[in-house]
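See below for the structure under consideration.
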Amino acid sequence: MGFWSFLIIFCFISFYVYWYSSTKALKFNANIKNGSKLPSLPSYYGTYSFFWLILPIFLILVTWFFFKPFFLDILLIKKIPSDFLTTFEGNPDMLVDTIKATNPEKFFPGTNPVIIESAKYFQNLKIISDSYVYIGTLLLGLIFSTFSLRKISVAFRARQAVEKTNVNLLILCSTIAIITTIGIIFSLIFEALRFFEKVPIFDFLLGITWSPQTAIREDQVASEGLFGAIPIFTGTLLITLIAMAVAIPIGLLSAIYLSEYAKPKIRATIKPILEILAGVPTVVYGFFAAITVGPFLKEIALFFGFSIASESALAAGGVMGIMIIPFISSLSDDVMSAVPQSMRDGSYAVGATKSETIKQVVLPAALPGVVAAILLAVSRAIGETMIVVMAAGISANLTMNPFESVTTVTVQIVTLLVGDQEFDSAKTLAAFALGITLFFLTLFLNLIALKIVRKYREKYE
Amino acid sequence: MEKTKIESKKISVFYGDKKALSGISLDIPEKRVTSLIGPSGCGKSTFLRCLNRMNDTIDICRIEGKILVDGEDIYDRKLDPVLLRARIGMVFQKPNPFPKSIFDNVAYGPKIHGLTNSKDELSELVESSLKKAGLFNEVKDRLNEPGTSLSGGQQQRLCIARAIAVSPEVILMDEPCSALDPIATAVIEELIDEISKNFTIVIVTHSMQQAARVSNQTAFFHMGNLIEVGKTDEVFSMPKEKKTQDYITGKIG
Amino acid sequence: MNNTEIIKKSLMKRHLAESRFKTYGILGIISATVFLIVILSTIFIEGKSAFKSTYIKLDVFFDPSIIDPDGTRNIDEIRFANYRKVIKNSLKNYFPEVTGKEEMKSLTELISSSEEENLMQAVLKNNDLIGANKKVWLKASSKIDIIHKNPEMKDLSESNRLISDKELEWFDKLTRNGDVKFSLNKIFFLKADSTEPEQAGILGSILGSFFTLVITLILSFPIAVAAGVFLEELAPKNRLTDIIEININNLAAVPSIIFGLLGLAIFLNVMHLPRSAPIVGGMVLALMTLPTIIIATRVSLKAVPPSIREAAVGLGATKFQSVIHHVLPLAIPGIATGTIIGMSRALGESAPLLLIGMVAFIVDIPGSFTDSATVLPVQIYLWKSTAARGFVELTAAGVIVLLTFLILMNALAIFVRNKFEKKW
C-alpha cells in the first residue's frame, strides 16, 4: 500500500468513525425518555473516538518515519553475505550507500551482481515494510476507536476529555522548543566529547595553530592535525569588531534620527527601508562582499601603494556590518521611543536643546536597551555564516590586521563538514567542538540581552 | 498695584482642526501665585504649556494671539525657545527625574547653560537649590544616588529644585500634586508658598481647595474659554459668573 | 552678569551643535540607504546579462552516415550517435580555411556542448531530419558569450582575453555574416546545475527550494500556531511556561548554522535520513522558523481585544472554545503575515543546508521530497565558488531570481496585512 492510498483510506475511516460515534451518541440520547441525557454534545463523542483513531496512527507513523532508514539498514546488512561485506573495498557504510544508490532496473554494466541483488531486495523491502506499517496502524487505530465507543454513557464527559486532549496536544507542540534546545545541546556535546577524547580540551582552547587538513590522509606523518582554536577565535573577534565598527555608529545614529527627529510619516517610510537590509539573504551579502567589495578595496589599496588580501577581514566584516545595521537601529529605535515623553519635557523645560536632551536624558535612559541591541547584534555577527564563508579566508592566520585574511568559527564548521566526511576523524568532530563553543557564546549573549530587555520593558511599560 | 509679569492677548490654540483654547486674555502678576482651575479637558494645561512654548514639541499644534513676558512677545520669530524656557521653568504632573544622580538632576540645567564656572560653584548652586526646594536635609548624604530612588513627593521636590537651579523668573506647575499622597501634597503646598516670594508661579490644579490654599489669583477655565479671573478669595466666595458658581458648588466638573 | 546674558552668549554654539547632531542622524540614514541601493544595483547590473545569451546560426547537415549508419532508425543508435561530429562538420563547411587538428578543436568549442543533446532530441522527435540540411540556431559557448557581452574585451591582448586571436576572427566573421544573435537564455530557466556556465540553469534549485519550503510549512505552521495559542491564551503562569518562553526567544537568536549541526548529527547520523534531501532540509528550516511563527501568532492573538473572549465565555463557552471559535479566526491574518515572512526567511537561508548535504552538485531536476536537491541560495553560493568566469553573471542572476521571489512573498504578506488585518 502506497502513501496516497493509505491517506485516502485513512480519511474514509476517520469520517466513518466520527459519524458512527456521534450517531451512536445521538441514538443514545433519543432512547432516553426521561432522566438525564449525555453530558456532552454528540459531536464530542465523535471527536473522542476520532482521537483514538488518529493519535495511535500518527504516533506510529512518526516513529516509523524516523526509524525506518535505521531499521532498513540493519535488515540490509544482515542480508548481504558477510564475506562480501568484509572484502568490499572501503567500509560497510559505503557499501550500504552504494546499494541504496543502485537502481536494479538501470545499472551500469559490470556492477557486482551481489550489489544488484541486494539493491533489488532493498527496494522491495522499502515498499513492503511501508505497506505492513500502514495496514498495521490502520488496524490498530480501528481497534482503539472501537473500544472508545464503549465509553458513550451518561457517566462519561466527552467534552472535558476532548478539550483536555486538545490542550495536551498544544502543550506538546509548545515543548518542541525545549526539545529542540535539548537536541542541539546533546548532539553538540556528544560529538564534542568524542573530539576531546582525541584532542585535549586545553590544546583546543589555547593552541595557536589550526591545521586540521593534515588529518585527512592517515598515512601522513602529521596525521594528527593541529587543533588550536585561538586563531579562529581571534579571526571571529576581528571580523565582529569590524562589523560592529560599521553597524553601531550607523545603526545608532539612524535610530536617534528615527525616534527623535523624524516625523511619523518619514519614520513609517524609512524604517521598512532599513529593515530590507535585514531581509536580504546573507548569501547576497556574501556575493556582494566577494565580487564587489573585496576587489574594490584591493584596488584602493593598490592606489595608495600597498596590497591587501582579496579575502580581507575588512571586506567580510564591513559588509556584515551593513547587514547588522537594522538589528541595532530597529531595537534601539524601539527602546528610545519607549522612553517616556515626560522625561524629554523635563529637559526641554529647563531650556535644553533637542540634541542635549537626547545625549543627556534619552540615551542614558535607553542605555540598557541599546546595550541589549548591541549584544544581540554581536551574537548575530559571531554566528553569521554565509558572508564569511564566501568572503573571508579559510587559512587560520593569527592576526588582528584587518587587511589580512582571517577565518572564523562558522567558516571552519562549514569547511570541515562540507564534502566527504568520516564521522570518526578528529577533523569532522572538531566542527562540533567549534559548534558548541559558538552555541554557548551566543546563548550567553542572547540570554543577557533578553534579560536586559525584559527588565527595561518592566520599567517603562 | 502689582506688576504684570505675563500678559496673554487673545490666545487661541488648535490641535489640527480642533480648537482647544479660544481667545484667552489673562494677566499674571509678578511674584504671586496664579492658579488655573476648571474641569478636565477645559484647556488649562494647554494654556500653561503655551507660556513656555512647550507646545512647540507637538507637531500638530498651532497658536494664534500674543503672549508677552515683560512686554516681549515670546512667539516672536527672533525669540529663542531655549532661552525662554531657561527664564520660565516648569514642573510636571508626574515627577520626572532624569535617570541620573540627585546631584546631576539639579546640576543639569546649570551645566547645559554654562551658568557656573567651577565645580565648587556648581555644588554650591545645587546645594542652595535643594535647600530652596526643602529637600537638602533629606538627601545631603546620598547626592550620588539615582533620582528615581526617592519617594514620589521627594521626586517632585527634586524636580522643583531642578527648575529653581536655573534661576527662572517664572515657574509653571502642571498639577504638581496629582500623583502624590496628602502628606507629600501638604509639603509641596508649603513649598509653593515659600518660593512664591522669589518667583512668579502659575499652577494648574484640579483641586479647588488647593487653589484656595496656595494662590493669590484664580482663573476659571471651561471648554476652552476663560470664564472668570480674580482674587482667589473673591472668586471662591462671590463668583461673578453662573458657571463658576456651578463648578465651585460641584454642579459641573 | 545675569543668567540671560550668560545663556545668550553660548546659544549660537549650542544651536550649531544641535544642527550638527541632527545632520549625523541624517547621515546615518543616508549611508544605510545608499548601501542598500549600491548592493541591489550592483547585483542587477552584474546579473541582468545572464538572462540573455549568444546564439550562432549554422547550416547543419544531419549526416545519415553519422547519425544512423544502418538506416534502421534504431532509437539507441540515434541516441548515442556522435553529434559533436555533426556540428564539427557544419563548422568545417562554414570555415573551409580551418584545417589543423588543434584549430579544428578550438573551432568546435565555439558552440556549447549542450547543443549536441539538443540536436539529438530534435532528431528523436523528427526522424525526417536525418539526411536533411537545416539552418539551426546553436548556443555559443560561455567564453564567446562573454566576449559578445563585453565587446571592450576584444581590444585586450590575446592572453588577457579568454579567447585566442583565431577564435575572435571566426566570431567576427560570423557576426559580419549576421549569423550571431542575442536572445533569451532559455536554459537558465529550464535546467539544473551544470559544469558549463552556458548550460547551467536555476530551475533545479527553484524546485529544490519549493519542496523544502513545503516541508517547512507543513511542519512549522501547525506546531507554531498550536504553541502560540497555548502560550498566549491557555498557559498557566508556571515554571514550565517560563522555560518554554525563554527557549523560544533564545531559539530565535541561535545562529542558523547550529541548526545545521543538529540536522547533521541527529537527522542524518542517528536517524539515517537521506542526505541532500528536501525533506531533511525542510525539517531543519522548520525548527528555525518555529519561533518566528510562534511570536507572530502570539502578537496577533494579543491584539484581539479581551472583550471578545469575555463575550464568548459569558455565553457559557469554555476558555478553549472561546479561543478556537472566536479569537483564533480573528488572529488568522496576522498569523498568515508572520508565516509568509518566516517562509521568506527560510527561503533565503543557506548555512544549515550546507551541512546536511544540500550543497552537492546536482544536475537532475528534483521531482520529490526525497530526491537529492539544492536550494536557490545554496545554488548561488555554489556558482560563486566556481572559478569559471561565466558563472559570475549566473550568480548575480540567481540572486535576482531569489530576490524576486522574496519581494513577491513580502508583497503578499503586506497585501494580506493591509487587506485582512483588523485594527482594534
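Letters A, B and C mark the chains as written, and numbering starts fresh at 1 in each.
Heads up, the rule we're going with is that a contact is a pair of C-beta atoms (placed from the backbone, for glycine too) under 8 Å apart; a residue touches a chain by one contact, two chains touch by 3 or more.
Please read all numbers here as calculations on a predicted model, not as lab measurements.
Report the chain whose CA-based centre is farthest from the CA-based centre of chain B.
Checked the centroid distances; the maximum from chain B is C.
Average the C-alpha coordinates of each chain, average all protein C-alpha coordinates together, and give the chain whose average is closest to the overall one.
Checking distances from each chain centre to the full centroid gives A.
Centroid of chain A to centroid of chain B, CA atoms only: how many Å?
The separation of the two C-alpha centroids amounts to 57 Å.
Indicate the whole-number Å distance between the mean C-alpha point of chain A and the mean C-alpha point of chain C.
20
Quick check: how many Å separate the C-alpha centres of chain B and chain C?
Result: the chain centres lie 63 Å from each other.
When you check chain C against every other chain, which residues touch at least two of them?
Touching at least two other chains: 7, 14-15.
Multi-chain contacts in chain B: which residues touch at least two other chains?
Residues 82-83, 86, 112-113, 166 of chain B each touch two or more of the other chains.
List, in ascending order, every residue of chain A touching at least 2 other chains.
Where chain A meets two or more other chains at a single residue, that happens at 351, 353, 356.
Which stretch or stretches of chain C touch chain A in the complex?
Within the complex, chain C touches chain A at residues 7, 14-15, 17-18, 20-22, 24-29, 31-33, 35-36, 39, 42-43, 46, 222-224, 226-227, 229-231, 234-235, 243-244, 246-251, 253-259, 261-262, 264-266, 269-274, 287, 290-291, 294, 318, 320-321, 344-345, 347-351, 354-355, 359, 377-378, 380-381, 384-385, 392, 395-396, 399, 402-403, 406, 410.
So in the complex, which bits of chain B are touching chain C?
By the definition above, chain B touches chain C via 80, 82-83, 86-87, 112-115, 166-167.
Inside the complex, what are the residues of chain A that reach chain B?
Result: residues 263, 340, 342-353, 356, 360-361, 364-365 of chain A touch chain B.
Show me the residue ranges of chain A that touch chain C in the complex, using the header's touch definition.
Residue positions touching the partner: 66-67, 69-70, 73, 159, 163, 166-167, 169-171, 173-178, 180-181, 183-184, 187-188, 190-191, 249-254, 256-258, 260-261, 270, 273-274, 276-277, 279-288, 290-292, 322, 325-326, 329, 351, 353-356, 358-359, 376, 379-380, 382-386, 389-390, 410, 413-414, 417-418, 423, 431-432, 435, 438-439, 442-443, 446-447, 449-450.
Please name which positions on chain B make contact with chain A in the complex.
Going through chain B, the ones touching chain A are 52, 54, 57, 59, 82-86, 89-94, 96-100, 108-109, 112-113, 159, 162-163, 165-166.
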